[in-house]
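Two complexes come next, and they have one chain in common, chain A, joined by chain B in the first and chain C in the second.
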Partner chain A sequence: MNSKLFKKDLEYIVSLVLSISASLLIGALIMMANGRSPAVGYGALLKGAFGSKYNMANTFAKTVPLVLTGLATAISFRSGIFNIGGEGQLYLGAFAAAYVGITFTTLPKGIGIILAIIAGALVGGLYAFVPGLLKVKYKIDEVITTIMLNTVAVFFTSYLVNYPFATTRGKLNGTEIIADQFHLSRLIRLSTLNTSIFFMGFIALLIYYLMEKTSTGYDFKLVGQNSLFARFGGINDRRQMIIAMVLSGALCGLAGVFEVLGVHYRFLQNISPGYAWDGMLVALIVKNNPIGVIIMSIFFGALKTGSISMENATSIPSELVLVIQSIIILFIAGEAGFKEKFKEWNAGRKVKQKAGERNA
Partner chain B sequence: MQEERLNKRQVKGMLKQVLNLTLIQHTIRTATPLILAALGGLLTEHAGMLNIGMEGMILLGSFFGVLGSYYFGSSLAGVVLAGLVGLVVGLIFAIFVIDLKSDEFIVGIAINIFAGGLTVFLLRSIFGVKGAFSSPDIIPLPRLNFPGISSIPFLNVILNNHSIFVYLSWIFVALIYIYLYKTPYGIWLRASGEYPEALETAGVSPKKMKYIGSIVCGILCGFAGSHLSLGYLTLFTENMSANRGFVALAAIIFGTANPIKTFAAALMFGFFDALGIRLQVVGVPSQFTQMIPYVATIVALFILTKRQLAKKKRDREGAA
Partner chain C sequence: MYYMTKKLIQVKNISKQFPGVLANDKVSLDIEKGEIHAIVGENGAGKSTLMNIIYGLYEPTEGEIFFEGEPVEINSPLDAINLGIGMVHQHFMLLPSFTVAENIVLGTEPRKNRIFMDFKEAVSRTEELSKTYGLKVDPYRKVESLSVGIQQRIEILKVLYKGADILILDEPTAVLTPQEAEDLFNVIRKLVKDLGKTIIIITHKLQEVLAISDRVSVMRHGKMIGTLETKDADEQILAEMMVGREVLFEKLHKEKIPKEKVLSVKGIKARDNRDLIALDQVSFSLNAGEILGIAGVEGNGQSELVEVLTGLRKMEEGTFTVKGIEVFNKSPREIRDLGIAHVPEDRLATGLSSEATIWENMLMGIQHTEPYAIKGIHMNKKKIMERSDRLIEEFDIRTPTGDLPAGNLSGGNMQKMVIAREFSFNTPILIIAQPTRGVDVGAIEFIHSQIIEKRNKGAAILLVSADLDEIFRLSDRIITLYEGKITGEFLNGEISKKDIGLYMTGKHMDLAGRGASNE
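Up next is the complex of A and B:
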């Protein structure tokens, strides 16, 4: 049983490596089509991601929102409820943290930060609760509702920072700067890497423990695989789905909180360049495995950071990595299908071979 | 007292500035890409696939529309290129979802991110600019004027001088309606989503119908994109589709994938979009009007399912 599972994992890792290599190869071809050397391009990318303490710090800074939104996706998808609304939950969580940071300016450092974190997680979780409830109670497709709620949150926060909470200093489309004691300390000079990475590590550990080592995590998996079966097994599948959704929303909210407390020190209208979508890709690529999420987040963070250096060194636009990332996800999405087709093709070939032998 | 009167007059002036014929004209204009994309999306919806990659397809259409028009010096070339790219992406969507059995929304998300990355990448590597590209060499789509109605004051403003896709989109609504409900092909397409086994037994390949739906969806989204970048302003900007793919999806759900109802929903959402832009001009926040399509869709879904549940309950009670 165990060795079979292991073989399946190994098979998957092989396809993963193949998918990533094929996508990087396509990236190389695009570079060549632009008259650039892929060796130089990827070399600059690698150096830009890990070449110095500063670069490495930037890579890890980028992993914070990816890990959180990636784990958020993993939890919800594994439970069979698809939270595509991470971006909206992130925006609202970020705003909640900024609100705490500009309102409760007299709180001592530790308590203030904890309050901001709780507020962001709560708001994100509540915002995910709505589509979760609609799904469980009325069977309304959560993919559609969460997509719609994304944009609602983005517009709503855009209203807040342009009207009631607009900063009076300059036209920034953001709130005022949060009070000093809410700022998370930076770890490496000039880099945005800050103490939120420790919070992230702690949260990731908790989520890993919850997903892999507790009966709740096992219930999530059962519900995700077959909710009817889980129900007969005595699991309240509806409750599990809602819990998964709220946890997922809270994690996305936290991703927003740390962008405010650690990076920008205020809420900005366009605070996320699609972190939740990237996080979703990360989780999908590793089939919702929490450890995989962390590894893949570092990989994506490295691609993002390195792409800037690649652009400076070779003038290949950094957006190339977005293309590469989306091709990886396409390959992974088709992985099972590719395998099946390959097996069919292989079986067909063998049959033909046998037929040929017989004829001879 | 006097101040109050002044305010009233100001409000009146503002309303006059917002609610006029131009608003209707803008509604028609902003609804057109929504109509085109939604018409495509409802075909995949009928074929049993939720396509959230429309956003990316529209974006690609916008870019390649500009590219074709700029290089070949003809807007038709731009439209054809945009349609072709849409076709290819629709085909990719179909291959992955139908043949490789991938999750449709994962493929959709991948298409969106791919489109966002590729268009900016090409914008910078082909045109060497960041953010936006515009040039007098991009030929806009032709605008139509019907001399018959140019003497009628209201209709002239509302109906004349639109980009050609405005009128085409209305024709497409009728065509797709006829296709879906009056031809066997339409029945097959709908059956491919609802009763694929039955269709198979009838000797028609559901797979083929799904492919057709997906490809036509890609082409129409490509057209929608080219209308955005060649219709009125001739330029491409990063992330030009600006959620229109999702609003189109909202229109499909709001209009229960019926072409005429979806058309009406797209017009309504276009209206709120146009209203928002005009409200912004007079200093009223536009965010709430922009939110309407999304909120309305959730409310509509809620009412729809509640009604269905109630009907089921009635049926059950009736049976008992």
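Up next is the complex of A and C:
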């Protein structure tokens, strides 16, 4: 009885696969235009991403921030409030974790980590609460405020790590190293993959459950689809939007926390190379579907990890991967239009066929 | 071919394919010179598509059009205008902040020195036009200050100014009061009799068809069912042709229910979106087992009244009590919990989410309550689907499954979905706005009978409708609203449709004092 719904989902999966294939094809053409063999290039990329235990570990390590920021985007966009401030929330969350890690050095292991996680989520959430409130109360566009708050957060933490919290050992643009008991254990030798992937898995499961299986998830979705209808039906749409924003900010904050506790062990001035933006792309590509976010994050993580090996092995620049990512987005953005054109063409053909039959 | 001269426009075997819909399927139609030709059909029957093809807005997938016996290709409205075909759309295409004269000459403005618009010339042309056709307008007035009836008159003048001999009017009476509609019909008759114009009028109001047209063509599901002389037609025949089966305009059975006041409204004052006063000292009461109809020309405060009573709009003064509990600016949730359900006037904007599935739409309002949410948290998909499927069957919503997006439903089925949901809450009070707007004849019958059934079971129903026929058909009592004030209150049967039109337009203020009793 779900056949129709499946048909719609299937349609989307088909266009997604087509988009990705087309982008990879264009990537291949670019390689060929530069006199390189796509087979060799993609081979190196694939090997770089999944070729060994170490490579796979790196791929999954890259997935952690992508999943968290991707889910952050999914939950806010689905609720009709657009959190573009993930990067700023990530920075502040990361700094909060580092602060806890260098301040409360006497805490026992488990409690310390939990405190750092809570602090990061709280700070990220609070930082998203402000634009959420401004949006709901004063109708100030959250897209603009969150983008601007990114810059504020990045420069503010940059000030903090260069002045009040600068490490005394060398000029690193970072804080001191967090106390040992805050370090998340590494899972594979030489790789940065650490236990944060389990936290991430647990959080992703929770968010999936919230978004897809609960009445609150229903409220989020319906507010995003038609806020007037939601209000009419008794949902407090304004409150719901703020909650979505805060949750989204908290998830981005967590992405920052795990970078500190699991990867760098300190806050660094440029701790994120734009994880939140990549997470946003991931969520956009899969239309804010939580399961899709996870799958697409692994794909993006693989592209990132593999591209470096590809550059080393074949001297094809790793930036090619950015081109491929962008082309996927372009195709997905055009999906509705392509589908329409295809259907129109198909319909036109059928009518002509019919007319032909009658004439014959 | 001796009759060729009489046939002005001939449409032969026109088809129009939209993605997924065959909007016109081998439609043929001929329009004779100097006739008033009505085109009727349910929503989505293909009337507007056909007219848009004749007016050059759509290109037909197949078929031909002949003008005075010659095959023509109408590729744009400009081609249509060159043939003398003009169209007055359902939604007016006027610039509200411009004067009448400016609106009429728009696009072909008289100029001074080729650059500057010659306003004086525009005025004199407007006056001349107005005199020729006997349509009185003030060229200097700004359009925004004029009533809907006059705005429509300007639309007609605009088309005539461009030299149209054939006028296509798309649902011209949808927004008019009975008086304005009568005026319009006089204008139409005059244009045809005295000035030799030809009129094509699209409508779904059968009484109007019978009153004004010479011939009538009926469309259904994109096909032309037939054309008949109006004198040979009656409402029953036309309705059957439109729906494809017998339609019973039976009298609705109403039971007597003991009176118990469940809603009383006192001195409500509220503003509209432009911050102007939309409701002023509105007071009335509503009893169990009755339908109170609110009649008024659209934009006289009905929408705001409904919004205030359902918590979607704040009031400045006044209060209302639901079963003795006083309400002042409570949230929609609190008001729903007091026992008011609401069928909103604009189902697409307020009443549903077209992206969400039917079952999701059905769930709105009870998503946090047992048994649909286990402990208020986990959605119980099984129970939710059971209820949704039951409502789909009970309310005859035509869909293969409840798992489809609501946007896939036709207008009538969407409305049935909204009504099914709101009625299923079994609240003592129902506020129903425009229940059959844009809904086809078959669904109208069904919705009306459902409303009456609710009433007979003792619900108190506030019915807001722009369709006077509907108000008269369903209501026990009628209140008229004009510029945010109640101008009259009557028992159904006490007043004629014509007279109530005067209250709706504030033209019988002297009588209104007597009518607006305070109960």
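In this section, the second predicted complex is superposed on the first by the 342 of 360 C-alpha atoms of A that agree within 3 Å, B and C clash if a C-alpha of one lies under 4 Å from a C-alpha of the other, contacts with A are read in each partner's own complex, and residues count from 1 in each chain.
Here is the rule we use: a contact is a pair of C-beta atoms (placed from the backbone, for glycine too) under 8 Å apart; a residue touches a chain by one contact, two chains touch by 3 or more.
Being a predicted model, the structure only gives us computed values, none of them experimental.
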So, A:Arg189: does it touch chain B (first), chain C (second), both, or neither? neither
Who does A:Asn236 touch here: chain B (first), chain C (second), both, or neither? second
Go through the superposed model and pick first if A:Asn226 touches only chain B, second if only chain C, both, or neither. second
What is the contact status of A:Lys171 with respect to chain B (first) and chain C (second): first, second, both, or neither? neither
Contacts for A:Asn162 in the overlay, against chain B (first) and chain C (second): which applies, first, second, both or neither? first
If you stack the two complexes on chain A, which partner ends up touching A:Glu344: first (chain B), second (chain C), both, or neither? second
With both structures superposed, pick whichever of chain B and chain C touches the larger number of chain A residues. B
Touching A:Ile144, do we find chain B (first), chain C (second), both, or neither? first
Which superposed partner A:Tyr218 touches (first chain B, second chain C, both, neither): second
Shared chain A footprint, chain B vs chain C, residue numbers 340
Quick one: which bits of chain C touch chain A in the complex? Just the residue numbers, please. 15, 17-20, 22, 61-62, 310, 312, 331-333, 336-337, 342, 344, 349-357, 360, 363-365, 367-368, 372-373, 376-379, 400-401, 403-405
Spell out the part of chain B that touches chain A in their complex, as residue ranges. 50, 52, 92, 96, 99-103, 105-107, 109-114, 116-118, 120-121, 124-125, 243, 246, 249-250, 253, 285, 287-288, 290-291, 294-295, 297-298, 301-302, 305-306, 309
Listed in rising order, chain A residues that touch chain B in their complex are 30, 34, 82, 84, 134, 138-141, 143-145, 147-149, 151-152, 155-156, 158-159, 162-163, 274, 277-278, 280-281, 284, 316-317, 319-323, 325-327, 329-330, 333-334, 336-338, 340-341
Provide the residue numbers of chain A that touch chain C in the complex, in ascending order. 1-5, 8, 213-219, 221-222, 225-226, 228-236, 340, 343-344, 347-348, 350-351, 355
